[in-house]
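Next, two complexes with chain A in common: one pairs it with chain B, the other with chain C.
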Partner chain A sequence: MEKQPQRIVSDSGFEIEVVRKDEGYFHVRVSRANVIELILSAKQRCGKNILQLISVVDRIEDDIFQLTWILEDTADSSVFIVSADYPRENCSVPTFGDIWPTAVIFERELHEMYGIEFPGNPRQYEDFLLEGWKELPPMRRDFDTLEYSIRTYGERRKRIHTDPRKFIAETTGEWDTPVPMKDEDR
Partner chain B sequence: MKFTDIVSPFLAWSRAAKKADTIPYPKKSNPGSDRYRGFHRNDLDKCIGCGRCEEICQNLAISMVEVKDSQPIKGDSGLRPSVDYGRCCWCALCVDVCSTGSLSLSNSYSWPTDNADACAFIPGSDEKAWDDSKKGYCQDNSILQWAGSPRVEMPVAEPDERIKSFEEVVRGYSPEQAAAEAGRCIQCGLCVTACPANMHIPEYLRAIANGDYSHAVKLFFDNNPLPEMCGKVCTRECESVCAMGYQGEAIAIRWLKRFACEWFESLSDVLAVDEKPLEPNGRRVAIVGTGPAGLSAAYYLTRMGFETHVFEKDGEGGGVAQSAIPEYRLPSGGYEKQMDVFRKAGVKFHYNAEVCCDDILKISDDYDAVFIAAGLQRSSEFTIPGVDLQGVEHAFYFLMNHPEDGSIEAGRRVLVVGGGNVAIDTARSCKRLGAEVVISYRRRIEDMPADDEEIQEAVEEGIDLRPQNIPIRIEETDSGLLYIYAEALMIDDPAGGRPKPVRKDDIEHGIEVDKVFLAIGQSSDLSFLPDEISDNLNIKWGRIQVDEHQYTGVKNIYAGGDITPGAGDVITAIADGMRAAKAIAESCRTE
Partner chain C sequence: MYCNKLPEIPDDRKKIWEKVDNMARANSLWVTAFGTGCGAIELRPLHTSRFDMERFGIAMRPTPRQADVLIISGYLAVKTLKRVIRVYEQIQDPKYIIALGSCTMNGGMYYDSYNTLNILDRYIPVDVYVNGCMPRPEAIIDGFSLLMKKIKEGKAEGWKNYIENLEYYRENQKKVISNWDLPDYNW
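== the complex of A and B ==
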């Protein structure tokens, strides 16, 4: 078995961007159409037998979710990392639950936190941490944490607050200038 | 009955000697891990109350509050963070962005109480059991890399190039560089506490970051009518307390002020001072001296409707700051631009109008108030043998005579005695006139009153800086002068002052030079004050003592700038003038 995924990258027949390559570390970026083929090749041909993690970055400015699968070869602890971008709107990503049972758990969490669908994952709609959550998935960057906090919990106490900038201005007499310019004059 | 039902009790007993998996009872303490994010700690001595923790907190859990006896002091707002644990999500962003690293999280997480509102406190001020704990989450400087980007370096001329002329050393920021540098400001306002004139620094930095330079200039003039001068030679106390400077580099406030002023060919057009004349209030004020203090008072008084007359004994204004600071630091081109503002604002200047004893008495009768801002006119005397020899000169007079116009011979080998800005300016000017220059200073380099940047640039230009040299005497030789000095040891001052230099041994050393420039300070010349006034003034060490409103105690006479005690820098003089203007206006209002 080839231990390094270099060969499958060069043999793949589709475009792969190498993000970073190091001893025991290989990170690539690929089109989402080729994710399954690349990851299965890494498992079958390179001994990447463990799915260590699936992570998501909400790149809201580009309107995409960046999914990253981290695979590991337990024999030599080398990792192979695959990243791919998916549209944020109605985001649907293939499940790897049939290949690695742990993916069922990872994907369930990502569904709860980002609202990403993993068709074929039998447990993705079960609560993971947020029991009875009805809001926008909270890790999405368009979720307004502060607004939710105020709406849900209200003002627990009267908030005593002093703005440092104003406090300094008042106590140093900064704004008491001899030329009282109005804002419209400035 | 199953087989396991029979053996299970025995299997359970087999674990009797092993560590229990369940929570022990009676309950034992279960501390958090070493890097656990628990309740906050705050080192109040390190905290500067910048409010960055409050700003980053996504849940409004942190509020800046006044603590007992809190007052803003230089570089400290006096406020401290209070944390509400009904809102805190323990993310520790407040710790990551803390400007000074004073805030940390302990590994304590347990606080049983039946009062939810009790779960809030001011870390460091309200004593807690975990205050002295060393464990928990502290700032990681590797994370701070994103919390503070580096300062945008000011482009300067190379040392080999700049010693060839008196051209300005600093090249200036581009708009992109200025925006990047101004954008680093976190808007805490601590700089305002250090600025003698309390300028609106965060606001004008934001205006520059947004590309609104005219707004920035208008904000300058709220508290400083000489921003271009300050943008080049300010002592920038503001930068010394910048929150960004604790774990990174302070915002280049001085250079950004310079940038915004340089952007415009005319500052008076930006301000439109002549388009909005103020209603004259019928009051007249006389100002003696056109240095920063005099000009500042004149500008603000005129803007408040006073008829302001400024008397200057020389043919040009600007005072010592404009005359003695060399062109490579403060080009004279900016002077006319600044004076244009004063003229258009309506300030009346009287040049070659030296004010003598009789004049002062007449002026004090004719005007509603007099502001004395005559500055320091004399170079202090030095008392070692040989200071009267030909070739020994006062550095202050050398600079006042504009060495950059080429009319003064500096000599081939020059020695400058002193460690202030006058000493450095003289040395660098002589270097530009082609001399080999040595600076002899009694104390250590870190004790030099000169600006650190000036010292560094002087060394870059090849000036031989010799600290811990005690001057003994100056002798005349066939080829010029011999400067005799002894090496110094520094002795700690038991009173807590600067270490004092004492002679290390009896050995004398000599340096052969053509000229020696003495730069050991300036003193005032109060001979223009008649006895009727000076007898009633409180004068100590040649300086007129004033109260917090620049009032001398003699009716209608105010004083400011270098002629009064103070830092002796441009911005302090400007602040003096502004305070005097306010006080004169208030005095006239209540009369």
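== the complex of A and C ==
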């Protein structure tokens, strides 16, 4: 079994952009049609047997979610990272729950926090951290947390600021403003 | 499985006995071992040998049934509030709440978070606030001595306030906890 995934990248019939290549670290970006094929071949041919994490970046400016799957080989701790872009509206991403059981939990969290659908994941609609959440998913960048916080929990109590000069001037009636020292007097 | 009866404030006893009781209560504050936020980490030095809170008669208890004091240590998430209500209502009367940190007073650095409460005393009655982010163990000891002073003077009556205004507190609690499935009172 070859350990480095360069071979997969050169053998594949589709376009792969290499983001960063290093000792034991390989980060590529592919189009979303080829994600499953690339990840499965990395598992079968390079021994990337652990799914460490699925992470999401909400790039609202480009109107996409950037999903990243981080795979690791437990024998030599080498890492293979696959990124792909998905549209923000009605985002639907293939599930890897039947290959790695941890993916079921990662995908449940992403569904709750970003509203991403994972068709085929049996537990994606269960509550993960939030209980009975009915609003827009809170980690999406178009969700206004301050507005929600004020609407639900009330406005925070403001701090009281007191300027000592103003306070002394009001109570004693006089305040000598200290003159800053000139440079030649120092 | 639950008792449906709502709590009642006991009849007024003779003031002299209440004073004696309060003296005893103030000198043996037992705390529920329930950390709700980051401030729970400041309680560990407090109950080990360096700051040693047992010299004031303050001890940690594993269950709310044996405790008098609930410490809300730092920010309180909505999910935790539900557990806090359960724990607080299971503590026997009289019971006291100490709230630590600026998060419990006005939201602190989490004032714009979607999941943490801004003003704690809308949901449960707080007897003593200790400010700071987070308060050092010395400050928490200071808060405890303030609570002892209030108990001895008979002014730490948050639990009576809770029973009298249960509807108000319930309304606020149900407003933020969307999947409310607790009974009328968690005996």
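Everything that follows uses one rule, which is that the second predicted complex is superposed on the first by the 156 of 186 C-alpha atoms of A that agree within 3 Å, B and C clash if a C-alpha of one lies under 4 Å from a C-alpha of the other, contacts with A are read in each partner's own complex, and residues count from 1 in each chain.
Everything that follows uses one rule, which is that contacts are C-beta pairs under 8 Å (C-beta built on N, C-alpha and C of every residue); 3 or more make two chains touch, one makes a residue touch a chain.
Keep in mind that this is a model prediction, so the values were computed, not measured.
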item	value
Touching partner for A:Q6 - first (chain B), second (chain C), both, neither	neither
Which of chain B and chain C A:T162 touches, first, second, both or neither	first
Which superposed partner A:T145 touches (first chain B, second chain C, both, neither)	both
Residues of chain A touched, compared between chain B and chain C (which is higher)	B
Which superposed partner A:S92 touches (first chain B, second chain C, both, neither)	neither
Contacts of A:E131 with chain B and chain C, given as first, second, both or neither	second
Contacts of A:S77 with chain B and chain C, given as first, second, both or neither	neither
Which of chain B and chain C A:Y153 touches, first, second, both or neither	both
Which superposed partner A:T171 touches (first chain B, second chain C, both, neither)	first
Contact residues common to both interfaces of chain A (with chain B and with chain C)	145-146, 149, 153, 156-157, 159
Residue ranges of chain C in contact with chain A within the complex	78-79, 82, 105-107, 111-119, 122, 175-179
For the chain B and chain A complex, residues of the former touching the latter	49-51, 54, 58-60, 63-66, 71-72, 77-79, 82, 84, 86-87, 116-117, 120, 187-190, 192-193, 198-200, 202, 215, 218-219, 221-223, 276, 300-301, 303-304, 578, 581-582, 585
Of all residues in chain A, those that touch chain C in their complex	129-135, 138, 143, 145-146, 148-149, 152-159
Chain A residues within the chain B interface of the complex	145-146, 149-150, 153, 156-157, 159-165, 167-169, 171-174, 176-179, 181, 185-186
